[in-house]
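Some structures are shown below for you to check.
Here chain A shows up in two complexes: once beside chain B, once beside chain C.
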Partner chain A sequence: MKVTAQPADSTLTLILDGELDASSAVVLDTELNKPELLKYKKVLIDCQRLSYISSAGLGVFISHLQRLQDANVKLVFFNMQEKVFNVFEILGLDSLMNIVPTQEAALAA
Partner chain B sequence: MPNIRPATWLLALATGSWLVLLLGTLSQGRPLLGLPPDWPRWLLLLAQGGFAASVFLYVRLQPDALHGHGFLPLLRRLFWRGLVLTALMAGVQGFVKLAAERALPLPGDATAAVGYTISLALFIILLAQTLYVWRSLVNFRGSERLKREWTAFELILGAALLFQLLVWHVPDFLLLAVIVGLGLFGVYLSGHQRWVAYLSQGQKVQAIMLQLGVLGFLSAFLFVLRGAQHDPILLAPPTQQAFLVLTSSFAVFYAVAGLLVTLFNLPVADVYEQRRAEILSLQQLSQIIQRGQTAPEIYQALFTSAVQTIRADAALLDAQLQPTELPGAPITSLAHELTPADREAIRGQQAALDAPGQREFLDNDLPRSQRLTGLSRPYGSAAVLPLRSSTHDYGMLVLLKREQSGFDPEDLSILHTFTTQTVLSLENLQLAQEARISQRAQDELRIAALVQERLIPKRLPTDNWFEISTYAQAAKEVGGDFYDFLHLPGQRLAVLIGDVSGKGVTAAFHTAQMKGIFHALMQPNPLAKKERERYPDPHRFMVLANEALTHCLERSSFITASFYLIDYEAGGFSFARAGHCHTLYYHSIKEEVSYFRSEGLGLGILRDASYGRHVKNQFWDYNPGDVMVIYTDGIPEARNANGDEYGEDRLAQMLSESFYQSAEEINRHIRQDVQEFSKGLPLHDDQTLLVIKFKSAQPQG
Partner chain C sequence: MQDRIRITCSRQNLQQVRDFVRGFLVSAQRSELVINQVVLAVDEVVANFIIHANGEDATQFLDLLLVLAGHNLDIEIEDHGSTLFLPAGKVANPDLRAYIQQGRKGGMGMALVSRIMDQVEFFERNSHTVCHLSKTLP
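== the complex of A and B ==
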């Protein structure tokens, strides 16, 4: 999986491309662990090209949820494929995380 | 080079004495160099003896020309030298004859005298060459005693040289007795023809030819010299009879004996004995090594076998017990006939012996190469064998013999076989140890799987109100899925199913923990006021379980679970879903298959009191004939060869095909379809499938 970071002003967009499983989860974890991440007001996750997410991938977001919340950084997912959204939904993360349909909605969130 | 000086001296002495001999011979019957004619006989004999002695000693000082089993090169060299010497002699004799017949303007007796003296010198040179080639052959694989006997033979030959000088009037019978005695000694020495046993058929033919040639050259010289001595024209003193007779007869006899042995291939018993010993020793070694359980035992077997087979006078083996490059790794050290100081001296020179990548080698002349110096006793030859595989250096074996040329390439190849076998065994040992360690890890994993297996309820709750069928399959030895049942008083049944995120042993630990939490929370609360409150409802169960997990679940892990509390007296159940797969349900009145799409957050995701807001308690009244299918994500997420997922739709389809059957049949129908779907592929995730069918039958009795 490929993770591309696009910083813009107070917003950081992470573009995920591929399958987020146990092995690629490490890459994302490294990205989210960067201290400068907490300087942004929003971290947007572009899921358009995210084709699969495993429980290890979910675990990465879960483990950073509290830290980002404490630092007042909003975590917003957008452009999520239905299959991936189902995984979030079944686990109940849709009630906990900000998942919006489009980039515009994400920027407005 | 320490022996240049004596060699130079000997050459000078030989030349000087030959010149004196030549002049003395020429002085017979005529004045020479202003000196009176007929120089005294003793001077000529002295000159002759001096020449013979210096030539023999000179050849003796040359390094042994025999290298390993190079008998043919040795004989060939002797043959060519003999040929050159004989050709020279023939040329000289031809010239003398020519001078006599054509009446060249030369005094006939003088040319004869010069020719004779030159021929005599050439003969002595040939004899010396032959004698020392024979020495190499006699001493090949000979004992120390044989070498002493040879030295004695040489000393007596030397003494014979003095016979006619010192003892002026030797009685004939005494001379005869000495000559016969020495001759017999020579015959005895001629019996040592071990080298013949090492020749191949083709080599034997060549050896016979070469020996015949050498015999021919010797005969030619004897014939010419004897003839010349009876030539009336020659006025020369008699030759050193005893010495030359003895030496030439030995030379001839050894050649003849060698010829006979070669021709008839007479077995030389002790050579075969030694061969047999080598084979036996090799067999023993490989047996010991096969039996050997530990590296020190293998080294000990190698060391003993090598020392015994090669009959080394001293030996040292330094080797690592484990193949490791670390300094200070444990070392085993075995020594034979070496003082601690010797060992240190050898180790000090180890670096020079063991150049990286260098194979084993022989040094048959330690005094000359100055290797392995400073030992308490002088050693003549050494064999050095590194114990080395393609990947590791185990150590080095050093064998020493007191005499020079103690080892031959045959020895080296035997030792090489020993060390190769040893290294092989050491590597096998290493592999066996690694296999044992990996076996232990597998055993422990198997035990973990057994423990987990025991956690799965074996006895399913049975009642006339419902049927339960279970199926569980872990993808690895241990899995992250779990389920459990508990009968509660008042005709209630608690059912728990769940899935720990992640795989392997960590996940397996948490399944055990969940089981513990389940049984702990399902203890009756004695403070409860109402019967219904004695046990936590599903929502409360999830909140308490989430709280219990907060302290032990790693931050990135979570657990999904569904908890059902079935009250079959009331014909309904309450349940809560914590991020777990939606429950599949067949509604018998509506004749409809559907999923309970409810909200609920997985356990361990929110670790504070707010979790309670994210999980809900739900109620459902069931009818007889309703079917509940509870499963983990390994079922809908099973994949086929194209990577497609099995999916909730196909699962629902399976239930609609089989709802009227028994719980066990429904379960089998679904799992067979899943297995068919991902046929030939390894299990991607743990799979658990529970089917509960509610029945109309009233409880009996």
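== the complex of A and C ==
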């Protein structure tokens, strides 16, 4: 799992590349735990190259969501592959997370 | 058709497990969505065995057996560690709103397994823990 951070004005985009499991989730957790994240209005998660997510990956997002919401930082997912979106759906997380189809929609969210 | 693999109890081996299950189901010509669901279910159980039952002790190992007969998929994961690990098979739905408020990371893996597979059971055999998963594939 590779995480690339792209800051632009008030938005930080995190580009995920690879498989997010119990072994690699710590990489994303470290990124989302950075204090400077809270200075942005939006954190966008580009999932185009995220080819797999397990409960450990979902858990990283869930564990940071309230902290981001409390700091008025929106967390938005975009470009999610169908099989990855399906994992969010199985648990019902698709109704609790902000998941949109495109980067344009994420920027407008 | 059937296939088996043995791995040591390191979370670095989860990728190998997923590749093994994917390869098996791709050769059985199943859809990408179904393949990903079964891969996920196996990954969750194996991760639990590695992390919770064996404390990531890489001297311990797990055996994984996949059997597909027609549409019926049976999966057996045997933990050769000395600690019995017998969680409930089918689990209740997690309260995700509470998880978010609590900033909780864990507690969803077995819920995913329960929703994906038709049957989930853990039992003891020869002083080892065995997990049996089954599903009728579309």
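Note that the second predicted complex is superposed on the first by the 109 of 109 C-alpha atoms of A that agree within 3 Å, B and C clash if a C-alpha of one lies under 4 Å from a C-alpha of the other, contacts with A are read in each partner's own complex, and residues count from 1 in each chain.
Throughout what follows, contacts are C-beta pairs under 8 Å (C-beta built on N, C-alpha and C of every residue); 3 or more make two chains touch, one makes a residue touch a chain.
Since this is a predicted model, take the numbers as computed values, not measurements.
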Revision key, fill the gap. So, after the overlay on chain A, do chain B and chain C clash or fit? They clash
Check your understanding: In the superposed arrangement, which partner chain does A:Ser23 touch: chain B (first), chain C (second), both, or neither?
Key -> second
Practice item. In the overlay, answer first, second, both or neither for which of chain B and chain C A:Gly92 touches. Key: both
Practice item. Look at A:Ala5 in the shared chain and tell me whether it touches chain B only, chain C only, both, or neither; answer first, second, both or neither. Key: neither
Check your understanding: With the two structures laid over each other on chain A, which partner does A:Glu82 touch: chain B (first), chain C (second), both, or neither?
Key -> second
Review point. Chain B or chain C: which reaches more residues on chain A?
Key: C
Exercise for review: Could you look at A:Leu38 and tell me whether it touches chain B, chain C, both or neither (first, second, both, neither)?
Suggested key: neither
Exercise for review: Identify the partner contact of A:Ala71: answer first if only chain B is touched, second if only chain C is, both if each is, neither if none is.
Suggested key: neither
Exercise for review: Once the structures are lined up on chain A, find the stretch of chain B hitting chain C; candidates are 63-71, 99-107, 567-575 or 639-647.
Suggested key: 639-647
Practice item. Jot down the residues of chain A that show up as touching in both complexes, chain B in one and chain C in the other. Key: 22, 55-56, 58-60, 62-63, 65-66, 90-93, 96
**Study point:** chain A-facing residues of chain C, complex
**Key:** 11-12, 14-15, 18, 32-33, 36-37, 39-40, 43-44, 47, 50-51, 94, 96-97, 99-109, 111-112, 115-116
Point to revise | Residue ranges of chain A in contact with chain B within the complex | key: 22, 29, 55-56, 58-60, 62-63, 65-66, 90-93, 95-96
Review point. Which residues of chain B touch chain A in their complex?
Key: 501-502, 555-558, 560, 578-582, 599-602, 605-607, 614-615, 633
Point to revise | chain A residues within the chain C interface of the complex | key: 19, 21-23, 52, 54-56, 58-60, 62-67, 82-83, 86-87, 90-93, 96
